[in-house]
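Presented sequentially are two complexes of chain A, the first with chain B as partner and the second with chain C.
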Partner chain A sequence: MTETLIRPPVDTPPPPRPPTKRRRRAVAEEPGKRWLIHLPLVVYLLFTLIPFYWMLVFAVRPTGSTQLVPWPITFEHFDTVWNDIGFGIFFYNSVVMGLGVLVFVTVLSVMGGYALARFKFRGQKVFLLAMLCTQFIPGAMMLIPLFVIFKSAGLLNSITGLIIAEVAFQLPLSLILMSGFIRNISVELEEAAMVDGCSRLRAFFAVTLPQLKPALVAVGSFAFIGAWNQFLFALMFASRQDKFTLPVGLSYALGEFNTDFGALAAGGVVAAVPVVLVFAVVQRFLVQGLSAGAVKG
Partner chain B sequence: MRTRTWAPYALIAPTLVLMAVFLVYPIGSVVYYSLQRYNVTQPWKNGFAGLDNFKQMLFDDPLFWQSLAFSAKWVFVEVGLQLLLGLILALIVNETFIGRGMARALVFSPWAVSGVLTTGIWILLLNPSTGIFQELSKLGIGTPGTSVLGNPDTVFDALVVTELWRGVPFFAILLLADLQSIPKDLYEAASVDGASRWRRFTSVTLPHLKDAIILSTLLRAVWEFNNVDLIYTLTGGGPANQTTTLPLYVARQAVDSHNFGYGSALTIAGFLILLFFSILYLRVSKFGSRA
Partner chain C sequence: MRKLLVAVAAAALALTACGSGDTSSGGTATITFWDNNGGPARQPIYEELIKRFEAANPDIKVEYVGIPSASVQQKYDTAIVGGETPDVGGVTTSYLAHLVGQDALAPLDDRISGGPLKDKLLPSLVETVRQTAPDNKLYIVPSSANMDLIWYRTDWFKDAGLEPPKTWDEFITAATKLTDTAANKYGYTIRGGAGSVFQLITEAYAYSGVDSFFKDGKSTLNDKANAELVDKVADLYKKATPEADVNNSFTQMIAQFTGGSVAMMHHNLGSYGDVTKALGDKVAAIPLPVGPSGKRTVVPNPTDGFAVFKNSENPDAAWKFAEFLTSAESNSYWNEKVGQIPANTDVRSEAWIESNAHVKMALGVLEDPATVLVPAPVYLPQYSSITKTDSEPQYQKVLLGELTGQQFLDEMAKKLTEAQKEWEDRK
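Let's look at the complex of A and B:
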């Protein structure tokens, strides 16, 4: 009905079936070799978890204690970092920044991804190439000009400024990912809705958007985690302590409290818990979403 | 239907504006600064410098070559080990066993942890007085009071292991996603033909993973080259510049010395080197053509 719509190739792979439980008896054929899975798994779990545990132990045991299984536990270090050092404020700033980046990156990457996936337009290749090229630009190396821009725009010491910069840096990759997801969704239903008199916008919201849910979760959580962990810009563009985010606060804690490991550990727990929880919830969607074909774009 | 002609442009307009202001314009100014003497602490010397910055970099700055060599070593070792361990980990958690969902969530979790936080965690773990080596020495393993981060002989290994801790999950997640898209009948057919487990891995799994491996190693190499958070906070590039990468050198030129002109010249060098090797890598590895 319109030549500007790109039809997906005929051999578009169907969306992956939801993994059924015990769909294949893994090593049942060679039962004696189960240790080949269990042994390395346990070793790797130890490698992953011991560092986390070490931080937790330091955070809840009294200063001076060297117990490896501390009891009774204390919350004095959390009280210190949250109230005295200002991690309460850093936490708030990080939440605002994470959610701001999440919203803008998700919305803008759906818009741009839709344009790339469903239209053919002049300059499309240049646009795509430019976005790929941005992936080679080292963030550290943009510090100098960005600082000049931020200063003249009055965006130093502002969470808004940080959100804008982070969105600009995250957007290219998210947009490319999102266009891959959208391309994998059949265009036929959308066209049918438009033949029935829907506007393109309504067709998108009614037909395509609901199918994009795993993609939105994947891109959105990527954006949140990336923003939560952003360090270099946050360090350069915020000199006032009430505008610090958690990584910046933590980096000062690394230097200042080189002897106060309890405070460092408690600050680390505060910074780790939200992002590790978010990740534990979404990692399943992440793997599913990526295997739906985004890797192959 | 005429609206179609401007619709895609309207959709990408916000992205274009952001990219223009925060990516294209800064790149332009980096190019401009690289041809200038521009030092905030010595403003009276500022002015056009031609290619002086680049001459100094190539012929007169041993730290440039040293940091470049360390960057290469860092990227090669990190990406190689992350790929190997990530592939093994992906194969393991792709098998069926009790508690698999939990195991995946746990082993993937360091991926979500920032470089600064990783530094904090590993400083606690490796500290000489209450760290893991102290506890191990109580069990008779190693010597007490070992400071792996302060010792020039062990600082590289400590840095590598620390970055592996949060880097391996990246490969494991991407490769697991790709493993799950392999049609099951391929394995069944191979089994019927009497192919061993190893044979099935080399002739079904690896060829299928090829593009994902090429793409993830490239992305990761660029990322590891550019990433400064962990090294900046863990060793600061020391001891004695031993662990200074090129981007870290640039960051220090900008933050500590305020030498914007020279820092910009180093930036251009880093960008060109990265672009060159990326294109070379995609060509040599024949990305997109399935073996």
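Let's look at the complex of A and C:
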């Protein structure tokens, strides 16, 4: 019955199109100046892409070859990585851990961020400060205390334990980020919905959450990537081969006296592909999310 | 909407729930074994040995865990503090003193002398292990030794009509002759980055023939002849080596050598797999050259071995496995695959040693009664910080001509003498 009362979400007029188009055209009209934009971009792009090219080349050319353009290509290193090092299991563990961290960090940071943005409560400033302070503590320092606690809680050798540790470490920053995003969505919109009969929760879901999409993507993808790259905890909290994650598997290619560059590069490709895919899909939101965030003049 | 939230949380929980499941097997003992150099090269070797062990001992199950070598010390430290050590672990003498200091390992003297391994282990390795512990007990059973040597390109030497060098002077001549900077060919590659000083020390003692690391409590490292060698090597920098060498760790060094731009490289038996995989029969090994004295002095590499941890719930089963790994048959299998020097003396008659030129060469050096071993004081708690953290940047200055070999060694020797004194006082 409340359904009928809900008005279409209060219309925020589409922001006036920034005059970028015209400006871009202005530059394009002066061909002499075009290189001023393109040249630095090309240089920067090369600078970023060459390591990736290096990785690809090492991954597909046979050991001992020094060709710059690998041909014929070989997949033996991928075979080593997947079958001999056991990347199959590590990959699965990493995916489970990454998704787990993503879900918990995002959900919890929305909940906490909402409270921080919308309510005034005693100790709020202290709480925020404490959250920021946790970021000063490097993971390596917490390693042994955490290890002892996890041991008594029976959380060693389990992906659940890793997720808990990683969520705890990532949450403070995500929380602060998220509260900034939420603060930027005018409270009036929610109030309007509540005047129309929504509960606070419903107003949040119907009005605020849809606008948070870029923020959710930004926070979620950072959480996922952070978890994906976590090495220290993944190695220290697991003492069983079938509980290791990708970064640990990657470091297997670096032996005490020998380094298998082919396997290292092939493993790097395997580990990078999901992250690249995630970015490819979400980058549109991500740019929006970052610019819509807390840091605004 | 509330339902949705609950559903999301429940889904997340379900996703993560697939983590626990420790099963304790009834009747058989399960022991954990940590491989201190885990990776695709070693794991299959251990898997085969574990299979053999379990077939011979059906009441013991071994769980293999490969630890990446770069993090193994931290992993052991965390495990010791948390009381989660394995039953058996691969440990080398480079961090053995550190583990003994934390009272984590069980001494193995009685077990070794009371079993089939008695008098079967290479005495020089047993001695190295003993010297590492403050109480001179055996906290690992030595299984394998490594040795520094020079890998060289047989084809380059042949083309240039050169013989592999026996003395440092011949070495320097060869390095200079084989260099053609215009063609990006260099006679030698210097390890100037991580791990440089350890290699430099072995070179210095090989040249000087000084036969002990301390004389009357004073470090012999700054001996004049040692300094002479440091200067000679530094002289080769940029003249007969790539300029990038000043930052070389062993990975870059090996990449240069296997990439085909370098004629000689000082490393150890451990790179056997990499160099032969890339260069096939175009590569061979010689011992470090000797100096004017003609004496052969060798600073031994860290010795590999197996430790039984004090915390083990099945120390007998754990020892059984460590003993099995060091038995002639397993020791032979392991060292043949890895290409290192077997600790079990019964292995020396095996056929593979005859056909494995570099292992035979290294064994020959260790067996030669004229060879003098000069063990580095790895038992000093500060040894690694003095020779790595403090000295590696200083060595780079030597290469860049900002410091002389003598100044560099004086500084290091002073610190080592102090550390040795402290250690003697505490003993």
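Rule of thumb we're sticking to: the second predicted complex is superposed on the first by the 256 of 297 C-alpha atoms of A that agree within 3 Å, B and C clash if a C-alpha of one lies under 4 Å from a C-alpha of the other, contacts with A are read in each partner's own complex, and residues count from 1 in each chain.
Note that in this section a residue touches a chain if its C-beta (ideal position, glycine included) is under 8 Å from a C-beta of that chain, and two chains touch if they have at least 3 such contacts.
Please read all numbers here as calculations on a predicted model, not as lab measurements.
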When chain B and chain C are modelled together on chain A, clash or fit: clash
Which of the two partners, first being chain B and second being chain C, lies in contact with A:Ser251: first, second, both, or neither? both
Go through the superposed model and pick first if A:Leu189 touches only chain B, second if only chain C, both, or neither. neither
Look at A:Ile85 in the shared chain and tell me whether it touches chain B only, chain C only, both, or neither; answer first, second, both or neither. second
Name the contact category of A:Val96: first (chain B only), second (chain C only), both, or neither. second
Looking at A:Ser239, would you say it contacts chain B, chain C, both, or neither? Reply first, second, both or neither. second
Any idea whether chain B or chain C touches more of chain A? B
Between chain B and chain C, whom does A:Leu143 touch in the aligned arrangement: first, second, both, or neither? both
In the overlaid three-chain picture, which partner chain does A:Asp260 touch, first (chain B) or second (chain C), both, or neither? second
Check whether A:Gly154 is in contact with chain B, with chain C, with both or with neither, and answer first, second, both or neither. second
Which partner does A:Ala165 contact after superposing on A: first (chain B), second (chain C), both, neither? first
Interface residues of chain A shared by chain B and chain C, listed 66, 143-144, 147-148, 236, 251, 253-254, 261
Once bound in the complex, which stretches of chain B touch chain A? 1, 4, 7-9, 11-12, 14-16, 18-19, 21-27, 29-30, 33, 88-89, 92-93, 95-97, 101, 103-117, 119-125, 127, 130-132, 135, 165, 173-174, 176-178, 180-181, 184, 197, 211-212, 215, 219, 222, 225-226, 228-229, 233, 247-248, 250-251, 254-255, 260, 263-264, 266-267, 270-271, 274-275, 278
Provide the residue numbers of chain C that touch chain A in the complex, in ascending order. 1-2, 4-5, 8-9, 11-12, 15-20, 22, 32, 34, 36-44, 63-71, 74-75, 78-79, 81-84, 86, 146, 250-251, 254-255, 258-260, 267-271, 273-274, 277-279
Listed in rising order, chain A residues that touch chain B in their complex are 2, 4, 13, 16, 19, 22-27, 30, 34, 37-38, 40-41, 44-45, 47-52, 54-55, 58, 66, 68, 108, 111-112, 114-116, 119, 121, 124, 127, 130-131, 133-149, 164-165, 167-169, 171-172, 175, 200, 225, 228-229, 231-232, 236, 247, 250-251, 253-254, 261, 264-265, 267-268, 271-272, 275-276, 278-280, 283-284, 286-291, 293, 295-296
Chain C-facing residues of chain A, complex: 63-64, 66, 80, 84-85, 96, 99-100, 103-104, 107, 143-144, 147-148, 151, 154, 156-161, 163, 201-202, 205, 235-236, 239-241, 243, 248, 251-261, 263
